[in-house]
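Take a look at the structures below.
Here come two complexes built around chain A, the first alongside chain B, the second alongside chain C.
Here is the complex of A and B:
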């Protein structure tokens, strides 16, 4: 079956049960949104013949992929919607609004370059982005919400090219795909991850990857997304061929590597699907093989855990919860109260900000209630932008679970 | 008994009948159309949805081919909103008869059907599912046509010119006096009342029922009732009409109809004009034939099957022929000449593609009889009036481009009111029918139409229940509205049962795979959520 047949078969599989729409975080807060079934399989029937290129409602989808996870018939709903956006992106920019949104898509999709600029003088960038007038200007010119929680920049993560070559000891090496957020906004997480893997006896290689492409895709920059994918795959190629795993700490990058890269037609695309791991998925495998040292120190702390949508979409469960559960003293509660609403860059958009906050409101409430009851003091989640949104919505400190594990190994305080 | 009088009574609310009603009305001739069911419930809604280019008849039936290409061109102009100009391909397969190919090319050339050969590579790129057994592909101006929309547009246009129609009004007998038909007796099926209509001329345009009508005056017309069965696939498999380039036969046309694909047909002579039951052997037979043009067709999901009756006219020369051999031409029978009775004319044979021409010829005959010399204008005057740009813009803004286009085409002049209703109350813009994108406001609007007497009428007007879910979700979603319009739960349940019985009749013969899965879900919905009883839902 080629991909066209496969998509056609999946359209046939849709039972129109609307479970996807019932679970869709956007549909929950916006009764006028026709939902994933409508935007995906229903409209796909029309798009197959009578294509409607300028369908602006396509942008209402936040690309969280909850629909695909929910569908009992395996219909690739988000994929259909993205395909339609891909077609629509070729027919945009007909008026000034279209041009403005196109430019915004261009910018929001290029978080990598923004990151590279931002980290030149992080404190200055952060201060500038805090100026109300600047945010107002961004809102008015680019429709980037003046209220959205744009993440701050920090000391960037250095790349670690492979100077000595792969050599023979391939089973003690990993390639780390840090993703833009870790690289430019939260370099600490990346540095801790590398120390942790080192502690476990692994050499970590960090090639100079470009952005994984997901933000580009979500902002309609499909050509550039594919280009980035092929570039990154080429950097990974020697390691993939040597059987070395690729580790991600960002769940959205992870999903892209696992789901989108295999569709790019290169040789390494055939390998990446089976060799990409979420950090905690990788660690749990080590644990199952008895290779994860359990000499943890007690960590007396309590956390609420938020499972990111793109982790769920990977279909690997919640390995971070399982690993953290091994640490003595750690009290952790799975909040699992739905999407945070930010969904990559969705919540940064002026017309989406209110919706995004509404989508996240269920989660915020669960976190506030939990922390007020004293169930936990802080939050943990793998996804960088979920973290930013949780802090924005609740004010509760939030960190990547690798920090907690590093504390247990006495790598950080 | 109610009595009315008019100049012309048209029997039959199919394409031909409504075409005649419009034509006469445009010539200023008062006419009343009587239909035993809803408009288009017979042959006019039970066909491929193909607007012929004439290519199919180019070898054997050059007159039919010529009429088709001429009407094809006219309808694409006057009824553009009912037509998707997909174009059609005639595909010549490895091993097919090369002599036929030559004859076909000559035939097309002679009657003026434009033919373009499509390079194979382009063909496989544009239609990836097309069999690789294809060796040559020819493009002709075939298109697809929405029969319901076409009929409704004709009726709405006729009404503007003073034409009237009555549905659910079954003609019981012809009113004969002194060797002259002076009207009809009919029963209004909803009230049970008898209606007597006095008229100068009665036009018998009853399609498969024509023989029954003629028999009321004791006349015999030879209508061969030829049943054709078709399959509806869950999605568009092709984007063009795909014909097999060979002597026309069974199972050799695929038509991409809106969001689905219609594939057929078969040909069996039957006795009853409403024998719409699809036999299971025909389904297996069709799927087998479909393999020739689309390999792996059995993997594609089928949502339903249906059958229609071709009312073919059997001329004296055709007497020995079975269905496919009979000409697709039409004929007008003046019963004065044939049977010595004045005031009755029958129109027999023909096809949907030529409905307008048939109507024109009959109307010419009627006008001549009545001494009216106004010329026919149906070939020039469009069926649809352009709606103001503000209404379009507002509709698109409120319910999205795709849904707005569909709605505007269905409602035309009445769209303004629906758009206003949604603007006042945006939630009325939510879809009741998601498959066909029909809003709550449109359903409410249709339910207020006096012509909508049942859920089935609603379906034909709005396409609610016509989509790929086959009424499973939309009908229960419409419950509150239906209950209000039909006055209570008991009647609503009755309507559900009728609608579902008809839908299930089409679904049960193709119940396997994904369709079976979905049907089980639908069954559970009606049994559990709506608390219908199993014995009732079996209809």
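Here is the complex of A and C:
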């Protein structure tokens, strides 16, 4: 059965039970959103008859994939919605997105270029973005919410091209796909990750990747997203062919590499799915082979953990919890209280900011209650923008779990 | 290496996972989604246990009454709002009819029909699939000695929905009732009811407020602020309809119980096959790992024990192709009991297809139905996947799932 037929079969599998809509974080807060069942399988039948919706209706989906995890019949709901958005974006002259939202989509989708601009003089950019008037202007001209927690820029992560060449010792090399957030907003996390992999005896190659493409896709720019994907796959090709793993520290980049890249029609597209690893998924594999050193120092700290939606969608469980559980002293509690609401750039949009905060309210409450009970002092999560949203919603310090592991290996204080 | 890998996140899988984790075992629960728990009424049906135990091969024959009682107590331990009673108790369905059940939340249990009093049905504006006239007619028929009246109400938080003429799912309403705002609105409504019916009337008239989509159970105070108010009149819950608010909150609650006990949840992953130790002649084989499709790659999950809780035909554990001969169990490809005739013309009669499932020995290990030998030594089959029972006509779905899930966890 080819994937097209499979999608059709999955469409027929929809029993109209409405559980996806009942669990959808967006439908919960936005009565105008027709929900995953309506937008996915219901409308799919019309789309099959060439009746297409305009993009603004489809745009309400935040692409968190909760519906796909909820469906008891395995219907690929988000995939259908994304397919419809892709089709609608091709018929752009007919849609009602308007110039302003189109331009906003163009900009928010290009976090990579924003990052490249932002890190030229990070302190200046951050100061400018803190000016209320600037945010008001962004709100009025581009509908980028004046309240949204736009992440600050920092010292960027340098690329580490492969000067020596792959050579023969391929089993001690990895390619690192840092993603735009780590590269431009939180270079430290990337540098720590590279030190950690070095500590474990791995040579880490960081080619000059473009953005994975997910933000472009989420902002309706499918052509550009595919182009980025093919470009990145071409950079990965020699390593993939040599069997070298590609490591991600951002769960959304990771999901894109695993779920979207295999659909691009290139040779390396057939390899990337099996060779892409979330960092902790990779470390757990080392641990199972007995190759992860366990000479941890005690880390006396307690954390709440937020599993990002796009980690759940990868179907690999919570490997970070498994690894951190090996460190003496670390107390960690899996909060797992739903989507943070930000969904990439969704919560930055003026008309969506309030809804995004409402979506995240259950998570914020769980974090606040837990920290007030003294269950933990700070939070940890793999996803950069979840982190930004958690700090915005609760004020509780949040870091990537690699920081905790690096402390245990005495690599950082 | 996990002590146990539970495949399937329905009632039986969660019970098995939570109990095994509670016993200090390292447990991984792999599930494709949230499964059929979202069809949960809020009530556990056990059926006529003694009668069913006399049916040949019924899953209850695998357990003694102590096993069954232990499962019930376990449910009560994790959800203290559930009441164990010698005789079945009754609750209102969302249609206002009365249904019996064996283990149900305290605030769902109906008063004595011999008593007299008044039901006031609160009718939330725009609640989907809720028909107050039908409900009131049914309630009046079921409780002839009682007065039945209705009070319509609205909640500001849903004003936008109402303005658009959009119906509100019972799950969304249940979230409101569990919020501070919802509690406040309810307290106010109930005060009004009290004033309306107790002033002028004889003050001793017993008034019970009935509220659809209310779920008072499964509250996790380590994740939510306590905001349950005591109302001035008793408030009765109704059993849930799909998509079920009881199921939604119960599933979330079970998940948190499980992970708080150290269990790991792997959602969005489908178990597809297994690897085994090289089989020797005439010996049951040992499963070493299950293979799970995650995004991009397959994962091999090693375990000492495997608990198969993938559900039956409805839950997706058993797949049927267009030609009826193609029927198989999706993970271990276990031999299935399949009756010769699948259906019987009378729709509400016990349908033979309900009996489809895996036959097991007393330790719930899968058997080859022809030779009667154990197929896998370290695999236990629980819940709907078991053969020779019918949850619909025997009304024992919750009982079989809880009992088998709990018993399997004891074997880890």
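Here, the second predicted complex is superposed on the first by the 398 of 413 C-alpha atoms of A that agree within 3 Å, B and C clash if a C-alpha of one lies under 4 Å from a C-alpha of the other, contacts with A are read in each partner's own complex, and residues count from 1 in each chain.
Going forward, a contact is a pair of C-beta atoms (placed from the backbone, for glycine too) under 8 Å apart; a residue touches a chain by one contact, two chains touch by 3 or more.
What you see is a predicted model; the values in this text were computed from it and never measured.
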(request) Judging by the criteria at the top, classify the pair chain B and chain C on chain A as clash or fit. (result) clash
(request) In the overlay, work out which of chain B or chain C sits against more residues of chain A. (result) C
(request) Please indicate which partner A:370 is in contact with in the superposed arrangement: first for chain B, second for chain C, both, or neither. (result) second
(request) State whether A:316 touches chain B only (first), chain C only (second), both chains, or neither. (result) second
(request) In the overlay, answer first, second, both or neither for which of chain B and chain C A:17 touches. (result) both
(request) Name the contact category of A:272: first (chain B only), second (chain C only), both, or neither. (result) second
(request) Would you check which partner chain A:175 touches, where first means chain B only, second means chain C only, and both and neither mean what they say? (result) neither
(request) Pick one for A:43: touches chain B only (first), chain C only (second), both, or neither. (result) first
(request) In the overlay, answer first, second, both or neither for which of chain B and chain C A:337 touches. (result) second
(message) Taking the superposition on A as described, I'd like to know which of chain B and chain C A:74 touches: first, second, both or neither.
(response) second
(request) Kindly classify A:405 by the partners it touches after superposition: chain B alone (first), chain C alone (second), both, or neither? (result) neither
(request) Give the stretch of chain B that clashes with chain C in the superposition, choosing among 186-194, 420-428 or 438-446. (result) 420-428
(request) List the residues of chain A that touch chain B in one complex and chain C in the other. (result) 17-18, 31-32, 73
(request) Please name which positions on chain B make contact with chain A in the complex. (result) 84, 86, 128, 234-236, 239, 256, 258-260, 299-301, 400-402, 405, 426-427, 429-431, 434-435, 437, 468-469, 472-473, 514, 517-518, 521
(request) Provide the residue numbers of chain C that touch chain A in the complex, in ascending order. (result) 28, 30, 32-36, 38-39, 160-161, 164, 166, 169, 171-172, 175, 221-225, 242-243, 248, 255-256, 259-260, 264-270, 292-299, 302, 315-316
(request) Within their complex, state which residues of chain A touch chain B. (result) 2, 4, 8-9, 11-13, 15-18, 31-32, 34, 37-38, 42-43, 45-46, 48-50, 52, 54-55, 57, 73
(request) Flag every residue of chain A that touches chain C in the complex, lowest number first. (result) 17-19, 21-23, 28, 31-32, 68-74, 255, 257-259, 262, 272-276, 288, 312-318, 321-322, 333-337, 365-366, 369-370, 373, 375
